[in-house]
Amino acid sequence: MREFLGALALQGGYNTTLVMVGAALLGAAGGGVGAFALLRRRSLASDAMSHATLPGIVLAFMIGHAVLGEGRFVWLLLMGAALTAGLGLWVTTLIAARTRLREDAAIGIVLSTFFAAGVVLLTVVQSLNLPGQAGLQGYLLGSTAGMLRAEAELIAAAAAVVAGAVFALRNLFIVTAFDEGFAAARGVNTVRLDFALLILVLAVVVIGLKAAGVVLVIALTIIPPVTARLWTDRARDMALIAAGLGAAGAYVGAGLSATVPNLPTGAVIVLVQFAVFALSLALAPRRGLVAAAVRRARLVREIKSGRWRPASAEGGA
Amino acid sequence: MNEFLQFSLVPMAMAALAAIACALPGNFLLLRGQSLVGDAVSHVVLPGVVIGFLISGGASAVWIMAGAAMAAVIAAAAFEAVRRAARVEAGAAMGVVFTAMFALGVLLLEQSNARSVHLDVEHALYGNLESHIWLAAENWAALARAETWRAMPAEAATLAGVAAALSLLVALFFKELRLVSFDPDFARSTGMPTGVVQFAVVLASALAAVAAFSAVGSILVIAMFVCPPAAARLMTDDLARQVWLSAGVGAASAVIGFLAAGHAPLWLGFQSTVSAAGMIAVVSGLFVLGAAMFGARRASRA
Amino acid sequence: MLRVLPPRDAAVSPVTAAESPFHVSRLSAAYGDRPAIYDLTFTPPRGALAAVIGPNGAGKSTFLKAALGLIPKIAGETRVFGKPLSANRREAAYVPQRASVDWDFPASVLDVTMMGLQPEIGWLRWPNASHRARAMQALEAVGLAALAGRQIGQLSGGQRQRVFIARALVQDAEVYLLDEPFAGVDAATEAAIMDVFRDLARRGKTVICVHHDLATVRDYFDYVMLINVEKQAEGPVAAAFTAELVAKTYGRRALGLSSAYGA
C-alpha cells in the first residue's frame, strides 16, 4: 500500500514512474479519440481493428526473424499490427457494403477470424521455437513488467503525438459529430475526417497493445468517453473529461499493477476506469441512475395525482 | 487408425458439437443485428467460469455453467442500465460491460494462478482441443463395449448434451424464435413474452459458450457464433434452411480445421501442429468469404 | 383516393365506455422523465373508421403502443367491450409501422401472414392445412394471393403494407389498430386498404389508424381524435375535425392549412 501511494506521488523509481506517465498519456489519447468515436457511433469498429492486430504482430516477428535475424523490434511489430488492423477495417467496410450482412456481423467476422489467424501464427512461431517468441504472449493480455525504458518512452511520446492530433482536429470533429450534413455543407470532408478518426483510434490501439493487450486496449477508448457522457451534454466538454478520466484511470491502474504483485496491467487499468464509470452511473447529477429514478418517481406521482401540466413550449399548443 | 480413434475422433467431434451449439443461437442473434452479443457473451463468461471453477475446486461442471449463466444475467442487466442512463449506442454500452467483465476474469485468473489453482490463461483464451484424448478407444471393436464409452472425456459428453438440447429447443420453438426476431412489437401485441424469448436466446448463447469454452476457449467462441450463420445467411432466403446450413458449415469448419491444424504443418515440413481452435475459426471465416463471393443470396435487396 | 363516398357520420354516434370496442381511459406514458401522452381517454363506437391525428412528436404512436401495453404506462387502462385488454388480446389486431422491421428477413409472404395465427396455433404446435387456408384467404382479401411464396425483401412498399394487413386480418379480431398504414404507399394500395377497411366496418369491426395526412381524413374516416400530448378533441369527423380544433392541435404549424378545411 505504501509502495502504491509512493508510486502515485512519482516516488516509485524511474521505470515505474515512466510507465505510469506513459499510461496516463495513453489514457488521455484514448479518452479523447474515443469520445469522438463514440459521438460518431464507431466504438465497436475499433474492437475489430484491435483484434486484427494480432496476425500482423506475429507476421512482423517472423519476417523480422527471417530478414534481420531477430524479431523483437517494437517498431516492426507495431507496424505489422497497424497493417493488418487497417486491412481488417477495410474488410469490415467491404462486407457491410457489398453483402446483405450488417455492420455488427462484419465486425464479428473480422474480429474473430483475424484474431484466430493470429493465434494460429502464434503457435507456428512457438513450434519453430524462435528466440524471443515468449514475449509475443505479452501482447495478448498486456504487461508492463520487463518493459524496456526505450519502449516506455516510445509509448509516452507516441501517445502525446496522438493526443496532440486529436486536440488539433477537435473543432472539425465536434462540428461533424453534431451535425454531419451541416459540416459537409460547410465544406468539411466528412469521409476523410472519419478516416482520420479511425487512424487515430488505430494509433491508440497499436501504442497501447504492449501495455494493455489486444482484448483490453479497446476499453481505453470506450469506458472513459461513456463515463464522460454521463457528466455532460456538450461534445467539447465530453472529450476533455474523457481525456482526463482516461489519464487518471490509467495512471492509477498502472501504479497498482507495478506495485502489487499478480495484477496484470491492462486488466487493472480497465477495472479502475470501470469503477469510476460505475460511480458516475450511480451518482451523476442529471444522467445518473439515482437522479433519473428520483425524477421519474416525481413524474409518476404528479401524473397519478393529476397535478402534472404540460410545458407550453411545443407547437404553440 | 487406432491413433485416430484415440487422439483425433473425440477432439474433432467436440469441435463440431461446439460449433453447432454456438451456430444455432447465433442465427437469431444475427437476424436481430445482435451478433456482437455473441462477442460480449464469450467475453463475459470468463469471470463466471473462473468463479464457478474456484468455488467448486474445478470439479463441478454445474457450478461452472451456473457461474456463466449468472455472468450473462449480470451482463444483460448492466448493459440495459448503461444504455439507458448514458444514452449511448448499444455497441458502446456493450463495450463497457464486456471489457470490464473480461478484465475481471483476467484478474481472477492471474490471482488464482498465484495460489496455484490450475487454470491456464492460454487455455482459457483459446482452448486445448488436442488434450481430450480417449485412450480407452483402442480399436473399433472397443467401441462396442460400454466401459469404453464411460471412459470418454467428460467435456465431450457435456458438449453433446448442450448441442442436443439446443437443437431440440430451436426445433420446438422455431416459429416463436422467427416471429420475435422479425417483429417483436407485433409479437408482444399478441401476448407473447418477447423479453423472455430474447433473454432465452442470450442465455442459450451463454451456455453454448461455456460448453464450447473447454474445447475452443472463450475468444474463439465468437467465430462460431457469427461465421457459420453469416455464411448460411448469404446462401439462402429460407430460415429453416439457413439454420441447417449454419450447423453444417460449423461442423465442416470443425472437421476441416482440425485436420488442417493437425496434418497440414506436417505436410509443410514442420515438426508439430498449430492451434486447432484457431484453424477452425479461420476455416469458418473462409466459408464466409466463399459465401460472400459466390453465395446465391449474398446481395442485399431490401 | 379519387373515390368519394358519402360521409358515414349518421352511423357513428357516441357510445358508453362499456359498449366501446376499444375504450382507453386516462392513459399517460413517458420516456424517462419526459411525458409523451397525458390523461388520454378515447371511446370509439363500434364499426367506426377512426383516425388518430396530431403533429409529429405529439404521441400518436406512443398512444397506440401504450394502449396495447407494448410500452410501459404510468396510468390508465384499456378495455375491449368493457373487459380488460390483457385478458382479451385476441380481440385486438396490431399493425406496426412498416419501418420497424427489417424486410431483408428470410421469410415469405405466406410465412409473415401465418405469424398472425401464432396465438391460435400456440407454442409447441405446428400450423395445419386450415391455418394455411385462412392465411391464403387473408392474402386474397388484400390482393397478394399470387405472391404467397415470394420473399418479402422483393416486395414494394405498398405490397409490404398489404402483407402486414393480411397478417392482421387473419387474426379475425374485433378491433384493428394500425400505425400510419398509408405512409409511402402507392394509390392502388391505398385503394385496396380502404376497401379492406370498409368491408371490416360493414361487418361491424372497428378500425383505428394513426394517420398523418390531414387532406384525406374526411374521405377515409368517420371518427377522429386529435392529440398533442393531451387530447384536443374527439368525435365524429364533422364535429371534431374542424379548422379551429385542427389549428389548436397543430398550433402555429397548421395555420396555413386551416382555411382548406373550412368550418
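In this document, chain identifiers A, B and C correspond to the written order of the chains, with residue numbering beginning at 1 in each.
As a working rule, a residue touches a chain if its C-beta (ideal position, glycine included) is under 8 Å from a C-beta of that chain, and two chains touch if they have at least 3 such contacts.
Note that the structure is predicted; figures quoted are calculated from it, not measured.
Participant: What's the contact topology between the chains, one of line, ring, star, complete, other?
Facilitator: Looks like everything touches everything, fully connected.
Participant: When A-C is set beside A-B, which has more C-beta pairs in contact?
Facilitator: A-B
Participant: Quick one: report the Å distance separating chain B from chain C, using the average Cα coordinate of each chain.
Facilitator: 43
Participant: Counting in whole Å, what is the centre-to-centre distance of chain A and chain C, each centre being its mean C-alpha position?
Facilitator: Taking the average C-alpha coordinate of chain A and of chain C, the gap between them is 47 Å.
Participant: Distance from the CA centroid of chain A to that of chain B, rounded to the nearest Å?
Facilitator: Comparing mean C-alpha positions, chain B is 26 Å from chain A.
Participant: Scan chain C for residues touching two or more other chains and write them down.
Facilitator: 32, 104
Participant: Pull out every residue in chain B that's touching 2 or more other chains.
Facilitator: Where chain B meets two or more other chains at a single residue, that happens at 33, 84, 233, 300-302.
Participant: Residues touching two or more other chains, restricted to chain A: which are they?
Facilitator: Counting only residues that touch two or more other chains, chain A contributes 100, 292.
Participant: Spell out the part of chain B that touches chain A in their complex, as residue ranges.
Facilitator: 30, 33-36, 38-39, 43, 81-82, 84-89, 91-96, 99-100, 102-104, 106-107, 110-111, 113-114, 121-122, 125-126, 219-220, 222-223, 225-227, 230, 233-234, 261, 265, 270-275, 277-282, 284-285, 288, 292, 295, 297-302
Participant: For chain B, which residues count as touching chain C in their complex?
Facilitator: Within the complex, chain B contacts chain C at residues 31, 33, 84, 172-173, 175-176, 178-179, 181-183, 185-192, 233, 236-239, 242, 300-302.
Participant: Under the touch definition given earlier, write down the residues of chain A that touch chain B in their complex.
Facilitator: 38, 41, 43-44, 47, 95, 98-102, 104-105, 107-109, 111-113, 115-120, 122-124, 127-128, 137, 140-141, 215-216, 218-219, 222-223, 225-226, 229-230, 261-264, 266-268, 270-271, 274, 277, 281, 287-289, 292
Participant: Under the stated contact criterion, what part of chain A meets chain C in this complex?
Facilitator: Per the stated touch rule, the residues are 100, 292, 295-296, 298-300, 303-304, 306, 308, 310, 314-317.
Participant: With touch defined as at the start, can you tell me which chain C residues reach chain A in the complex?
Facilitator: Interface residues on the chain C side: 28, 30, 32-33, 35, 38-39, 55, 57-58, 74-75, 104, 228-230, 232, 248-253.
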